[in-house]
Amino acid sequence: MKLIKCIIQPYRLDELKEALGTTKVHGMTVTDVKGFGRQKGHTELYRGAEYTVDFVPKVELELVVPDDAVQQVLDLVVKATRSGKVGDGKIFVIPVEEAIRIRTGETGDTAL
Amino acid sequence: MKLIKCIIQPYRLDELKEALGTTKVHGMTVTDVKGFGRQKGHTELYRGAEYTVDFVPKVELELVVPDDAVQQVLDLVVKATRSGKVGDGKIFVIPVEEAIRIRTGETGDTAL
Amino acid sequence: MKLIKCIIQPYRLDELKEALGTTKVHGMTVTDVKGFGRQKGHTELYRGAEYTVDFVPKVELELVVPDDAVQQVLDLVVKATRSGKVGDGKIFVIPVEEAIRIRTGETGDTAL
Amino acid sequence: MKTMMKASSKFIFLAMLLLIIGALVAPALVTAQEAAPAAAAAPAAPNKIDTGDTAWMIVATALVMLMSIPGLALFYGGLAKTKDALNTMAMTFVTFCIVSLLWVLYGYTFSFGDDVRGLIGNASKLFLKGVGPNSISDLAKTIPEYIFIAYQLTFAAITVALASGAYIERMKFSAWVLFSVIWMTLVYLPVAHWVWGNGFLAKLGALDFAGGTVVHVNAGIAALVGALMLGKRKSKPIMPGNLTLVITGAGLLWFGWFGFNAGSALAANGLAGAAFINTNTAAAVAALAWMFIEWKHSGRPTVLGLASGAVGGLVAITPAAGFVNVSGAIIIGIAAGIIPFYAVAKLKPMFGYDDTLDAFGIHGIGGMLGAILTGVFADPAINPAGTGLLYGNPGQLWTQIVAVAVTVVYSGVMTFIIFMIIKAVVGIRVDAEEEMRGLDESQHGEKAYNL
Amino acid sequence: MKTMMKASSKFIFLAMLLLIIGALVAPALVTAQEAAPAAAAAPAAPNKIDTGDTAWMIVATALVMLMSIPGLALFYGGLAKTKDALNTMAMTFVTFCIVSLLWVLYGYTFSFGDDVRGLIGNASKLFLKGVGPNSISDLAKTIPEYIFIAYQLTFAAITVALASGAYIERMKFSAWVLFSVIWMTLVYLPVAHWVWGNGFLAKLGALDFAGGTVVHVNAGIAALVGALMLGKRKSKPIMPGNLTLVITGAGLLWFGWFGFNAGSALAANGLAGAAFINTNTAAAVAALAWMFIEWKHSGRPTVLGLASGAVGGLVAITPAAGFVNVSGAIIIGIAAGIIPFYAVAKLKPMFGYDDTLDAFGIHGIGGMLGAILTGVFADPAINPAGTGLLYGNPGQLWTQIVAVAVTVVYSGVMTFIIFMIIKAVVGIRVDAEEEMRGLDESQHGEKAYNL
Amino acid sequence: MKTMMKASSKFIFLAMLLLIIGALVAPALVTAQEAAPAAAAAPAAPNKIDTGDTAWMIVATALVMLMSIPGLALFYGGLAKTKDALNTMAMTFVTFCIVSLLWVLYGYTFSFGDDVRGLIGNASKLFLKGVGPNSISDLAKTIPEYIFIAYQLTFAAITVALASGAYIERMKFSAWVLFSVIWMTLVYLPVAHWVWGNGFLAKLGALDFAGGTVVHVNAGIAALVGALMLGKRKSKPIMPGNLTLVITGAGLLWFGWFGFNAGSALAANGLAGAAFINTNTAAAVAALAWMFIEWKHSGRPTVLGLASGAVGGLVAITPAAGFVNVSGAIIIGIAAGIIPFYAVAKLKPMFGYDDTLDAFGIHGIGGMLGAILTGVFADPAINPAGTGLLYGNPGQLWTQIVAVAVTVVYSGVMTFIIFMIIKAVVGIRVDAEEEMRGLDESQHGEKAYNL
């Protein structure tokens, strides 16, 4: 199994969810995060002063998928979230040694 | 060392913390996350309209533990958070190559 | 590539960002988290009653870096965030098998 | 573009419909009997300042000001998405400021100056020329004219601001600023004159105690037309950012509305008392009606439902407050809790216009409801100036319908034109990407919360 | 069930205790001298509307309305957990609406209609029959009766709403709606009549300028009994969701309280002035007293302490506002800052009842404190209608104790019965899982914040 | 320490400068013509309570109270960082309570007691000795003295609270409590007496209708000096925690300001009417001016700009409200929107003092602006008590400058001394680590939000 970590633009989340609906990925975990990278933050105003907010709000998806599904999911994610503009985000693939579904105690791919 | 990622029901956190108190796990990191999975969200009302909130609020625990403690922790987590109802959550085990305690610079298991 | 997860004191973030500016780490992802560990939370008051908030607000940085940059980054992080006081935080190093830049589809180190 | 087409076509249809109504009711104009406007409710003694009346009207003016900032700003701002909350509040805030200035420059004289052919006030009081601490208007014979001017100012301001509820989350701030200036000038001033400045609707005998047509129908139609012109927002779902602000805003609106309705007696007297208790009763009843309907309809009663119902009740009782008795207020309250609910829950999805915060659904519909029911329940025992259908004067109902129809047509047509002009000059909508990032950041470079 | 046992047993004990007190004070009934109720403070001239008094009372009525929505709604809603904030606000909101309706239907006549055997008002003014813009009540001889009706309405509404503070985070919304209807009818109406409608407590000479017993003791006891009946919440720790709302609410309560206390003079006169400055002084002193006590006790002064102390002071000065002088107000303020603090910090944990927001600790205790101290500090130089122990009239203290005891026993017993009935009809508590998810979602399908 | 040096040196320079001004204007003292203080605006009839005037002044007093809690508390609290929000609100809250108590003990008599050598009031009314429900002050001949006392109390309270805006996010709460007590006693009481208690500035003919110098210049200078003494905060960037609170606060300030300015007529009359409309006009114009300047300057108009401009306009019109005509109000409004903007955007960074929320930039600068322009635009047709430069009385402008200079010097010097004393006694700043954790937790053990 792999943990696929996707850091994407918040407003891409819905499209991505739909796209994944077509796969055998049944679940995912989403976190609001602050991103630092090539895409720069915006400037805010305060009584004539300007200060830059140096981070960009992003959303981080964590998907654990069976090895055989990884490639398909990666393609889907890229397809659903690419705009070609700086800030589209990143995908990281991390090995997972075990997964357990708490409810049933099932382990391995069947736990996903 | 392993990183044990547990995605659980928010209101199970306290019980789980107590349970872990009995082990040699000294610390953990907790994040509020949104979960998508078999357990569906609820519906909210707005002037006669109903819209479904499709995610479920969850809590993600990250515990890094020595290899020899993994099994014990897994059992504890399952025991403390299982209700048998859909939505109990998942546990993922991810390999960790190194850990450092910033304060002391200690590394490896002693850093945990 | 490695995923370097740093759990640090929130008010150390700026210094750390500056420090990293000097390296070839171009991006990072930051999450607000609650930490449990040796450093204990504080007590709050409510009409003559005292209750302890048992967690400590922390910030979690996720940095994916090429293998050859890991050591340098680790040193920098420790340098930038160590105060020697309990609660300085932890660093965990986790293997990453693949990285993709959504915008371009680039993979591997060049995607970072 | 497509939206545009749909919008205008929809609008044309609407206009047609109403012009027909207008035509139908023409005869009524002939038969309609004379009747004094609400102002006449004040004692017809020689003009002399009464400290008690003045005390009340100073406070009433402050109360209506409070309805805009922060009342309406909170009610609307809390319902907006968090990323658009400040922009929504800014719309009400800037409008109150703009109208405050224009009102003393020319607004007051064109609506309350001496009547010119029943259509508009004359320019005799441009820049408040000739008004001093001792001046008293014939429309309010026991208070300083300065207070009467300020009191009417607050009505003009909130009327414009109300329309913003249908435009938020996509309208350019610059366009809104322009809209406030033009709409207040070309729409509010004449309509206010027609009804309250001894204009033709007043002469016609239309009853509007505190602004059912002048304020709510007027703003509600502007809301609908503007929403059609702006087109739908990109992101459908409603996400009230902060409902605690909505409840706070609703409370302040209710509180301020006592100044709005009881203040329209222009004196501290029994009529103000009647308007006060009618206002409170209708608001409470409408809140309960909406809550129970929703409980039945959706299975749970909502806090937003209570607040929306209360506002609906306040809107509907506005034209009636100083004319009906408590039973009338209760019936109006029930209607005002149920009908706007269905307008919002069914009509809006059916026609598919994007009235973001239901400014039309609640103020437009509620205002028409109140204006018409005033013609039914006006009880001469409460106010000799008004006798409704139930008390043997069916003509009044007709007159009310005429007044509503005239307002609907005029406000509708003018709003359409004004939007066309603004569209040509500065454009009316922010671009898609700004809309998605939120108007707080794109229009103001600010963020509501840094928690 | 167990909770139930504990609850009732605790309650029985309480009831016994108070019946004994009641018995002890019986003799007082005989010796107690006549004294006019606060209302009599208004000039006894022939009934004629005074525009100044009317102006003030219209505003005072609006101010007391503001105390409920959004005042109390914010004060309570901000203290509730975020997941229960809207439900908490909804309780006050819906109660204000329910009472507003019932008051004009039958509430007013049963509490202020002509006295029937000192127990209740007669039905002569059912549906406000016979009341018009020119009516004036003998209880307020210089203002329109409509305003007097509305003013008294706002007192009834907030009294019921106050009790909700002890019930939140676990009570069914439907049960609360029922409670509002029944409790207002069976408890508030008679008690208000006894004290302010020339009922037996008025005849007895009990002094209650603005509602120490009628409002605060009454609601405070209902709060305690209800909390016992409901039992403890599942999750202990208090987690005030938004303290900025609490401070806002406290400020609006303070502001509105001027209408509550100074308005109880029913006129714009020197007595109102005295009530005003006493109110402000007691609130300020109590806030400081609470702050310093807490500073000593817990090492730091809290903002919630300042706000809670202020409310405690406002509660305690309520019955005394129009009777004591400024020194009296200062002493009452000190007591009201310290005693409720200990009631909340020590008594509650000791007895273990779950009075979520300390409605009993602050309103119950503070109300008794104020009612009794009124019997000590009432200064005839401020108001001839009241002379306290310090000014040579020990009987007054006794009378005050009687009034408190009667209210405690009646409110306690009735609340117990009402809860039993509601428990049987719809149940009083949400199930454990709903409580854990939060009442906003389970009862209303809403969420306070989407930030 | 270094900060300390910089602070004091900066201050010395400031003081020198002003002493020179003071010297320069000395001659003016001789030539200055007599003129009555604003109070004289009330009719000079025999003292008799007028119910209308009383009704208005009761409400006006409540309105000014509302300006502090929650008005200013919200305006400041919403601008503070989230971790310091409660402490910021607590500063205003505790100050209002402290002043409320001290005012009835000795504040009133020392500022409004019979004049002693033009410098201070005598102690005849210590603890309000001799004041009762029927007392009437010669300074307000138609309302109960209790109301006059309470009204003046609210001015004293908000003046002290205003200064806190420059101190927040680093000042010890205990130091602030001490500051409130001492500054109100040694600075506010005498200055208020000089201008309103028939003190030497009144005799000199200084015009200050509602507190331009007494309240805003006074507090603004205290803000600047205190900010210099406290030194800079550790963390630079401003991070307004919750701008919805700021808008709410601004709205409540605007609303309450009607009580502040129109109430300063001390009666419900045409002068109050003039003050009312001037207040609203100046606030609106200043808000627009600030918005447009910022739009030009930074490319986008901000909501905070609208709110800040409105407050700036309210500040500047305060001394002028009852003296100028509407045109005067418009010009003052424009100046008050532009000049404070530059003071905040340019002056502050230039000199580098850390006036956290621009209490000096807005209240200090705006107050001076208003006080001086009053000497230019005072129109005898509005108020015979004041004739400005434009109406042929250049001396008035001079007198205004004198009054401002005297206030600046006195307030500046005294604030410096008071801070030195407090620094010695309890210290003025929290330690770096507490500052970083936030003052809510370190000073109060509380957290604004648990969302």
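We call the chains A, B, C, D, E and F, going by the order they appear; numbering starts again at 1 in every chain.
The rule is simple: contacts are C-beta pairs under 8 Å (C-beta built on N, C-alpha and C of every residue); 3 or more make two chains touch, one makes a residue touch a chain.
Predicted model only: the values in this text are computed from it and were never measured.
A.B. asks: Would you mind telling me which chain pair, A-D or C-E, is linked by more contacting C-beta pairs?
C.D. replies: More C-beta contacts join the chains of C-E.
A.B. asks: So the centre of each chain is just the mean of its C-alpha atoms; given that, what is the distance between chain B and chain F in Å?
C.D. replies: For chain B versus chain F, the centre distance works out to 54 Å.
A.B. asks: Round to the nearest whole Å and give the separation of the Cα centres of chain B and chain C.
C.D. replies: Chain B and chain C have C-alpha centres separated by 18 Å.
A.B. asks: How many angstrom lie between the centres of chain D and chain E, each centre taken as the mean Cα position?
C.D. replies: Here chain D and chain E have centroids separated by 36 Å.
A.B. asks: At least two partner chains per residue is the criterion; list those residues in chain E.
C.D. replies: 50-53, 55-56, 59, 240, 242, 248, 268, 298, 300, 302, 304, 444-447, 449, 451
A.B. asks: Mind pulling the residue numbers of chain C that touch at least two other chains?
C.D. replies: Correct list: 31, 45, 50, 94-95.
A.B. asks: What are all the chain pairs that meet the touch criterion?
C.D. replies: Per the contact definition above, the touching pairs are A-B, A-C, A-D, A-F, B-C, B-D, B-E, C-E, C-F, D-E, D-F, E-F.
A.B. asks: What residues of chain F sit close enough to touch chain C in their complex?
C.D. replies: Chain F residues touching chain C: 436, 441, 444-447.
A.B. asks: Along chain F, where are the residues that touch chain A in the complex?
C.D. replies: Within the complex, chain F touches chain A at residues 237-238, 240, 294, 297-298, 300, 302, 304-305, 308, 341-342, 344-346, 349, 358.
A.B. asks: Would you pull the chain C residues touching chain F in the complex into a rising list?
C.D. replies: So the residues of chain C touching chain F come out as 11, 42-45, 50.
A.B. asks: For chain A, which residues count as touching chain B in their complex?
C.D. replies: Against chain B, the touching part of chain A is residues 1, 3, 17, 26-31, 62, 64, 94-103, 105, 111-112.
A.B. asks: If we count contacts the way the header does, which residues on chain F are in touch with chain E in the complex?
C.D. replies: Those in contact with chain E are residues 49-56, 58-59, 61-62, 65-66, 69-71, 73-74, 77-78, 85-87, 89-90, 93-94, 96-98, 100-101, 104, 127-128, 132-135, 143-147, 149-150, 153, 173, 242, 245, 248, 268, 443-451.
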